[in-house]
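Next, two complexes with chain A in common: one pairs it with chain B, the other with chain C.
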Partner chain A sequence: MKYLRSVFVPLIILFVMVGCSSDNDSPKDDQNDTFDRAAMLSNWADNIIIPAYTAFNLKVIDLKSKTTVFNQNPTVENLQNLRTAWEDAYVSFQHVSMFEIGKAEELRFRNRLNVYPTDVLEVESFIASGVYDFSLPSTIDDQGFPAIDYLINGLAESDLEIIEFYTTNSNAEGYRTYLQTLSNTIADLTDQVLSSWTNGYRDTFVANTSSSASGSVDKFTNAYIFYYEKALRAGKVGIPAGIFSNQPLPENVEGYYKKDISKKLLLEAIDATRNFFNGKHFGNNSTGPSFKTYLDYLNTIKNGENLSALIDSQFVVAENKANELNANFVLQIETDNSKMLGSYNELQRIVVLLKVDMVQALNIAITYVDADGD
Partner chain B sequence: MSLVLSKYFQKETEAAPLAVFRVFFGFMMFISIIRFWAHGWIDQLYIQPKFFFSYYGFEWVQPIGDYTYLIFGICALAALGVALGFKYRLSIIIFFLSFTYIELMDKTTYLNHYYFISCVAFLMIFLPANSYFSFDAYKNPLKGNSKIPKWTIDSIKLSICTVYFYAGLAKLNSDWLFNAMPLKIWLPSKYDIPFLGDFLQQSWVHYLFSWSGAIYDLMIPFLLLYRPTRWLAFALVVIFHVMTRVLFPIGMFPFIMIVSALIFFDAGIHHRIIQFISKLFRIDYSKVTSLPTSSGNVSGKRNRLNRNFAIPILAVFFSIQLLFPWRYLAYPDELFWTEEGFRFSWRVMLMDKVGYAQFKIKDRESGEEFMVHNSDFLTPFQEKEMSFQPDFILEFAHYLGNHFKEKGHKNVGVFVESYVALNGRLSQPYINPNVDLMKEKESFRYKDWLLPFNDEIKGL
Partner chain C sequence: MKNIFITLISITTLLLTSCSSDDDQPSEQGVDAPTTYKFERGGESTVAFNGQTIRLKMSGELKDAFLDFGSATEASLMAMYAHEKGNNDFNDSELNGSDVNLRSKTATSYDYFFINLVESAQIKADLEGYISSQINEVFPNRMVVASPGIAGQVADGAKTRYVSGRGLEYDQAFAKSLLGALMTDQMLNNYLSSSVLDEGSNRQNNDNGITEANKNYTTMEHKWDEAYGYLYGNSADPENPNLTIGADDKFLNEYVGAVNKDPDFSTIAEDIFDAFKLGRAAIIAKNYKVRDEQVAIIRNLVSKVIAVRGVYYLQAGKTQIADGNREGAFHALSEAYGFVYSLRFTRNENTAPLFTRAEVDVLLDKLINTPENGYWSVTPETLDEVSEAMAAKFDFTVAEAASK
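Moving on, here comes the complex of A and B:
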């Protein structure tokens, strides 16, 4: 029975640890040969996410005000200003689309702002009836940037004909109202997301250094990879090029009605994703901790291949390949779809490196269920 | 030899250890099912998914919609019956059948410890676990007995020893011992554990954990069996399993193993445990102990049943248990890569594998082809498990092929572009992308459409 003491003492220590280990969210003091996950989270939040949202917010405010100006006085010049504001905001959006966590996740932000192709018939029926609710999941393809694209670029062939919808059309009021609501919705949602970050979510995010599946690192990595695979690789290139269907679907390109913006948006998105991977600050050339440094740190432990270099160089390859495409993806698909497929293949390689190699290296959990690594 | 054997099978010992084992086993199973229910996993894993991966030969075992809750309910009640020793034989059989049915419903949720529970439950059907400290013995003292054949308790010890020892043997490979894989991936990610978090980043700690894990698994059966080292062994069991619980999301398993290790102790401890439980639940301890120690007729009939029925069945059972893990030797290429013969062999938490599988459907009549979004058909958990296990990939390929056939496509071919990263190696192509999986059938034969593993893992 004298062994009992030798059992209970370690038992007590270990039970204390078990108790303390579930969802621990206090930041740790780290020695200099460990990786500071809290620093990575704060680099993400303070130097990339919040600045990107701040910049985007300014753009959507401008979009909203240019919409108001246009609606008050639908001239060609105001239409073109509105169009420019829309394009600038759309480009800026590529830098925040991947951050589908927190408030953005709650609001289904990406789905509210960028589902394409727009359901034109439904939009027209909404405009005619004047009755619509953009908060319903069924209306995601009736709102957002693609819907504005239709309303300022897709209604007719020439600017003068487009303007008629807002002036002489029997339901000009309906068109103006719908257009204004689209811009207002984007601005309002963006404001909500940015406010959430600057009024508390940032602290929650950075403090949640838990290594569990509900910790910020795991949750965000899953969101990042999901964005890249589905919204970027499939949405911008794969689906229009016909990878997931019998035939190419040129009507499913991003910026369909503007016609010459698809490549610009794709390049911007690849750039944003790559910059995030490398921890590059939004708006300047400094870098901070991110996936690249995390992988490099882990790599020094496991002496494997230099995964971060492989990923970054593949980003460059994908960018170069995408650069060869025509600015107008519809034209590219119709004249030489093999180039779209080639671009897709290079984007695809990054999916494997992120979803297989990076996920393994970072030991990211994608599920909450019991597992035993079999 | 057979005289020695038959003498052994007639040896008797106190029933208390087996009774305690039964109580704890039933109770822990009951808690496990409640926990599973409370987490919402019944709905998430067995009702929400559109499709379930089946074990070869058990495709007829499927969830039954909302009535699946009924199976879990029956299982929980049976577990309670086992714990109380109430209509024990019926309870344990129902528990075994319902629990095994649950495990057979979807291969995605395969865990070695669920397999262990099924094995133990099967074994316990043949053991007189209700002869002591049970409702059955209380209601009918003639059925009770404070002495049982020694081999019944030994068989549980053999079960536990097999699991540990084979788990230890499985760790004797170059990835585990010389590369500290997969712990080198798993440990650094646990940076937020108090006290240990920083240590887990160090390389020497990875090797320490790998080697001690292997040594622990190999030695613990012997340390538990040998009386002078038993208490030390139990302390190690507690430390090892609490540690793994802290580090890994493995649910109830560590506690089940800790409690199971009690069976190695002599009856004295178990009498004290039973006394403690009796006091806790205000059971009259004197009624528990007032059982016959042996009797002619009942014992004779029990002996005959054992000799002609239980012992032969269990002999076959244990032979299978001891031989089955070696079947991987019949297949070419690296076991960790091909997974042929990996399951049901106590290869517990042995490797980290991540995969990616993109399926292409070809309609040969029209010449059209397109890729499929796995997420249209599978849950994230299913997709993750499917992506690195060839039998899953094959089954899913057939499911997709049949699905699109029903949609009107003709002469459907299914191809997969797949990559797998094993234990920190860079991802490699896994399956021949030119093989039409619709033409391949599941069988015990080697899957020759797997691409070779371009590396070597030495050892078992």
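Moving on, here comes the complex of A and C:
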């Protein structure tokens, strides 16, 4: 009996150990892998972030000057020029919206430039009183691109009727001043953010190669995924499609008053996010290190496939699905919301790939929590 | 061979009997709980908690009104708190026509405050103090950016929070303190108290099936339902409240639901409901031993929800401060403040309060008074200290409460 036990027990232990061996696809990388973080941070900063901000800055300078021209002479032609400048800047913004770190984070940049829907009642009361402070947290839905949208596209049905607010209206000066302040604020904030990058933040960002939660890679990854989940997936599609409420909310689409740019902005945002993932330089077709190369370096496999390839192909799927939508999301929601839901589903798959699979592979912790509903 | 066979059977039987659990076999003790909270007499429901439902609705409107910068005044908020029948204090006309109010049941439980009128008055004054402070400190600074010592706005992501000079949201402090001083206190220390359940001839009447005049429930049944109503009074389906637990109000219901979502506490909603259900069935079965066992469970678990949530918010705030987002932390810390305040109304199984007023005051002081300008300077170390002090009186760890 005794001899049986001395063989039996170790055998059981052996079986248990073998049975418990992990068969994870991807090797768990250790915290101090030898991937060149500095090279990736520098590709991000020098080839994507700063060029994108530089391009955007030019657009908002143009937006500001077209606003000035319009205010000096509110004609239909000047309104249309202003509108074009606004749209161009709005499209360009989609390439910088995800970079909510450093100065942008400090200034609450994305919230000051793109919170929608605009609180029209409050905007009108600000115009009437002439008293407003755009640095107040509570005024984020009274400023930015969506507020300009209201003022150049939402005041009336036709351009002729719109310009009356700036010419014959009893408070025409109030409207002109408010519109100018909106454009000036966007330009000023952008200038602050770009200057911060080019006057020192770039070096701080690139030098912080720590693999801890306070390192640039961790912090930026959190900002990138937060942007994708909340601003892109939820903000542009999920919320208007009614995913987070009892019914669709068409008044919550991006570009509500312009009516036909919601899809354009969404596609641009998906494109920008995908390009960043792949390390594609802003403005040309070269690529440098980014999430894709990091995942490939770690040989990250999911379900037998290369995770980076999975993510990239899902970006393509999402883009194609979004392309099937009507340019006017309000119309799309009202005629066939199921297409919005279909688009949402494809965008949602990317959230899982990024927020679960990618961060696990890169050993990065998601530090933002879903805001308390209270 | 036969001997071996019998031995084998005996061993098997022994094994089987020794494995049976006896912690959820009510039928062994003679009380069967129904599957839902459905109790009838003569084919009609005996369950009633309308006063509780009304108070939950009043609390909800009052909480929202704290941020009604356009029309709320100190008088209007006070009137919502101490409503008098017929006054148009609320949007909901049903509430306006009601003769119940919030103030008269604040800190008035039999067990804790029957002979403690001084403290009861202090607690009412605390709640009214939040109202006054909101109107007098925060409302005038509605369009001011808050800073240490200066009330006003702070950004919390895309949300705007309105805080005192110490970074405290008075609406959160009020709502979470009311959760303790009204809903919890009435439930655990009044309606589930033997001084109330067994008052006068309640037990005798219950034994003899004597119902209240013009009602089809015994007094004891009704008191129990009133306790139930402070948690489930606004449920979409009060017979099956766990279908929507967490979504039915902004008070105990919300937080039982929230804690239940944490894998460390994943049966708490079910356990609380089962205890309410079984206790109510025990009353009908005239089995007061089982009834009182359920009282102990409810007290234990509801108290735990308050403590877990307090720790959760303190830790959430701490993480945000450590991340460099102090202003974003004020919301969580303000909720924590109210949950810490509510510890005063918790209790362990049957008798003692888990935290005395003095102990709670020490914790609140650490959070909001001793650091200069309160939450503008409170340290992660202090938040940990208060979290540990809370968790120490329960069977959970800070880490368990802090996780989602």
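Quick notes on this one:
Definition applied: the second predicted complex is superposed on the first by the 325 of 374 C-alpha atoms of A that agree within 3 Å, B and C clash if a C-alpha of one lies under 4 Å from a C-alpha of the other, contacts with A are read in each partner's own complex, and residues count from 1 in each chain.
In this text, a contact is a pair of C-beta atoms (placed from the backbone, for glycine too) under 8 Å apart; a residue touches a chain by one contact, two chains touch by 3 or more.
In this text, all values refer to a predicted model and were calculated from it rather than measured experimentally.
In the superposition on chain A, A:135 makes contact with chain C only, not with chain B. Once the two complexes are laid over each other on the shared chain, residue contacts for A:69 go to neither chain B nor chain C.
Of the two partner chains, chain B is the only one touched by A:353; chain C is not.
Of the two partner chains, chain B is the only one that A:37 touches; chain C does not reach it. Contacts of A:247 after superposition on the shared chain: chain B is touched, whereas chain C is not. Contacts of A:327 after superposition on the shared chain: neither chain B nor chain C is touched. Counted by residues of chain A touched, the larger count belongs to B, out of chain B and chain C.
Touching of chain A by both chain B and chain C, each in its own complex, is seen for residues 367, 369, 371-372, 374.
The part of chain A that touches chain C in the complex is made up of residues 108, 111, 115, 133, 135-138, 140, 367, 369, 371-372, 374.
Chain contact summary for the complex, chain A toward chain B: residues 3-4, 6-7, 10-11, 14-15, 17-18, 20-21, 24, 28, 30-31, 33-35, 37, 209-212, 215, 234, 238, 242-247, 298, 301-302, 304-305, 307, 310, 348, 351-353, 355-357, 359-363, 365-374.
In the complex of the two chains, the chain C residues touching chain A come out as 142-143, 145, 153-161, 172, 250, 254, 316, 319, 323, 331-332, 335, 404.
Note for the complex: chain B touches chain A at residues 39, 41, 44-45, 109-113, 181-182, 184-186, 188-198, 201-203, 206, 231-232, 234-235, 238-239, 242-243, 245-246, 248-251, 253, 342-343, 347-352, 354-356, 358, 363, 366, 368-373, 380-381, 384, 419-421, 424-427.
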